[in-house]
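Both complexes below contain subunit A, partnered by subunit B and then by subunit C.
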Partner chain A sequence: MGDAKRYPELRRRLSSGWWTANRHYTMYMVREWTSLFVALYSLMFIYGLSLWATGSRADFLNFLKNPAIIGFSLIAFVFTMYHAATWFYLLGAVAPVKIGRSRTKPWQALVLNIILLIIISFLAIWLAVLR
Partner chain B sequence: MVVLDALNYIKAEIDGSLTYRWSCRMGVCGSCGANIDGEPKLTCASFLHDFKGRTITIEPMTHFPVIKDLVVDMEDFMEKLVKIKPWIIRDKETPPEQGEYKQSAQELERYSQFSSCINCMLCYAACPIYGLNEKFLGPAATALAYRYIEDSRDQGKDVRFPIVHEMEGVWECTLVGECSVVCPKGVDPMLAIQKTKILGATNALKSLLMPRGGH
Partner chain C sequence: MKVETHKVARLHALLWGIFSLGGMIAAFLLPVMIYMTAIAYPFGLWPFSSPSGCLYCPTRDPSFLVTGHLLGALFIFVTIAGSLYHGIFRFQTTLTELGLLKYRRALEAVGYFIIFVGIIVLGYYLVAWYLNGTIA
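Our next item is the complex of A and B:
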C-alpha cells in the first residue's frame, strides 16, 4: 500500500460531455434534469396557492389558466412522469419482492406503481374537486 | 477469435512494444479489461465477429491513470479492496477442532452473487461518479463489503459499517447503474450499494429509537 497513487498526474479527467458517451448515461442525466422541472413546478404551484390564500379562488384559477403556465405544466408533467417511471423501475431493481422462490422483476414494480399512481391521483382529484 | 487474440497478434507480428495485461484468457482472472469502442469489457470475452467489418478502438479503462498503452494503475482500487476488510471477521475465533462455521443454502443465497467478483475494475471504468470523484469507494469494493455484511458467519458489521457509510462511501452513488450493466460476471454492484444504504438507514433509525440495543 506504500506505493499507492504512484501516478496521480496520469489520471484522466471526465469531460463535461461525458453523459453523451452512451445511452444509459444520457438517460441517467435526463432523469437528474427532470428533477429541476419537478422543483420548478412545485414553486409555481406554491405561488399559485399563495394567490388563493391571500386573494381568492378566481386569482388562483386565472393564474393556472395563463397559457404560459399551461404550457409549462404540460412540459413539467411529461418530465415528472419520466422521473417517476425511472424511479419506480429502480425501486423494483433495488428492492425486489420475494414471492415463493422467484423475485419480482423491475418492470413489474414499474407497472404496479404507475397503476397505484393513477388510482391515488384520481382519488385525490375526486376528494378535492368532484365530490 | 477474441479481441485479446488480436492484441496478441499485434504484439507478436506488428509491434512488440504494445503493452497490456492478460493471464487466463477465459474471463476468470479479470486482468484484461479495456475500453472497446468506448465500453469497458474484458478483451478475452469480446468476440471479433461482433465487430465484423468495423474498425475497433481499444483504449485503456477510463478513470484510471495510464501507465503504458492499455496498462492502468490499479493501486487506488487495491487500497479500497483492503479497506473494506474482505475476509470473515469473528468476535472470537473458534479453534479448528470445533468444526466449521455452518451456513444454510438460504444464507448462502443472500450474498453468493456478490462473491463472483473477479476484481476486473470494469465497473469503476463505467462509473462516472468514480470518474468525477476518485475518493468514492466505488462499485466492486462495496459489493464485496456487502458480501461480507450479508454473510451469516461474519460478525464484522460494526467494523465495516463506518467504512461503507462514510462521506465518500455508498451515499456518493446516485444510481447511474452502469456498473451492473458492464459486469462480466453478472454481479449487481448497484444493488449491493442500495442494499447497503437501506441497511445503514434502518440501523441508524433503530439506534435512534432503541439506543440501548437496537441491533
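Our next item is the complex of A and C:
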C-alpha cells in the first residue's frame, strides 16, 4: 500500500469568503495579498529594464517617472512595509531566542528587525549609489 | 514509492526554503529599492537630489544603481529575483485558499513559469551589460 493511501490527506472544504469570518482571518488575508504587490513590482522593474535593453537608458528613467508607475509603486511600498513588519513579527513568533530562562517575545523581534531594516537600507544606499 | 515520496518531500522543503529566503529579501531589501526607484528619484529626494546651491553638480539616477558597479547589479538581482519568487509563490498559495484549490496544478505551472522567465530575463540583461562593459 502506498504512502498516499496509508496517510490520506484531509482537506477541509472552505468557502471563498471564509476569511471574512473574523478580524484575524481578514488580517491574514491582507498579509497574504501583500505578496501580489511584491510580485507585480518585481515584474514591473524587469519590464523597465527591458525598455532600457531594447531602447535607451532614458526610456527606463521615463518609465520610472510615469505617474501611473509612481502611484502603483507607492501602494506597493506601503504593502511591502506591511509585509516586512508582519514577517518580522512572525519570525519572533516561530523562532524565539532563548536567553537564560526566558524567551524573546515577537514584538522584540519586530523592533530589532525594524532597526536592522533601517541600517540595511542606509547601507544599501551607500554601497549601491553613494560610494 | 517511498523513495519517490522522499524526493517530493525534499523538493517541497527546498521550494519552501527558497520561499522563506525570498520573504527575508522582500522584507529587508525591497522597501529600500522601492524607495530609491519610485519615491526618491521621481520626487528628487536623497540620495538622488542634487546638493543645494550646486546647479552643475552631477546627480545620479536609478540607472547608476543597475550599472554603477557590480555590487549594485548584484543587489538588483538578489532583490528582484528573491521578491519575485516569494511574491508569486505566496500569491498562488493564497489563490488556492480562495476557492481555487482544484486549479492548484495549473496555478503552480503558471506561477513557476512567470518566476522562471522573470529571473532568466533579469539575469540575461545584467550578465549582458556586465559582459559588454555597461556595468562598471
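What we mean here is this: the second predicted complex is superposed on the first by the 112 of 131 C-alpha atoms of A that agree within 3 Å, B and C clash if a C-alpha of one lies under 4 Å from a C-alpha of the other, contacts with A are read in each partner's own complex, and residues count from 1 in each chain.
We take it that contacts are C-beta pairs under 8 Å (C-beta built on N, C-alpha and C of every residue); 3 or more make two chains touch, one makes a residue touch a chain.
Computed from a predicted model, the values in this text were never measured in an experiment.
If you count the residues of subunit A touched by subunit B and by subunit C, you find the higher number for C. Residue contacts after overlaying the shared chain place A:E32 against subunit B and subunit C alike.
By the touch criterion defined above, A:V129 lies against subunit C but remains apart from subunit B after alignment on the C-alpha atoms of chain A. Once the two complexes are laid over each other on the shared chain, residue contacts for A:S73 go to subunit C alone; subunit B is not touched.
When both complexes are overlaid on chain A, the residue A:L64 reaches subunit C alone and has no touch with subunit B.
In the superposed pair of complexes, A:I46 makes contact with subunit C only, with no contact to subunit B. In the superposed pair of complexes, A:L14 makes contact with subunit B and with subunit C alike. Of the two partner chains placed by superposition, only subunit B is touched by A:A93; subunit C is not. Using the contact criterion defined above for the overlaid structures, shared-chain residue A:H83 touches subunit C, although it does not reach subunit B. In the superposition on chain A, the residues of subunit A contacted by subunit B and by subunit C overlap at 3, 11, 14, 19, 32.
Interface residues of subunit B, counted against subunit A in their complex, comprise 38-39, 62-67, 73, 75-76, 78-79, 82, 128, 131-132, 134, 174-178, 181, 190-191, 194-195, 198. Across the complex, subunit C is touched by residues 2-3, 11, 14-16, 19, 29, 32-33, 35-43, 45-46, 49-50, 52-53, 57, 60-61, 64-65, 69-70, 73-74, 76-77, 80-81, 83-84, 87-88, 113, 116-117, 120-121, 124-125, 127-131 of subunit A. The touching residues of subunit C, when paired with subunit A in their complex, are 1-2, 5, 23-24, 26-39, 41-42, 47-48, 60-66, 68-69, 71-72, 75-76, 80-81, 83-84, 86-91, 93-94, 97-99, 101, 114, 118, 121-122, 125, 128-129. Residues of subunit A that touch subunit B in their complex: 1, 3-14, 18-19, 21-22, 24-25, 28, 32, 90, 93-95.
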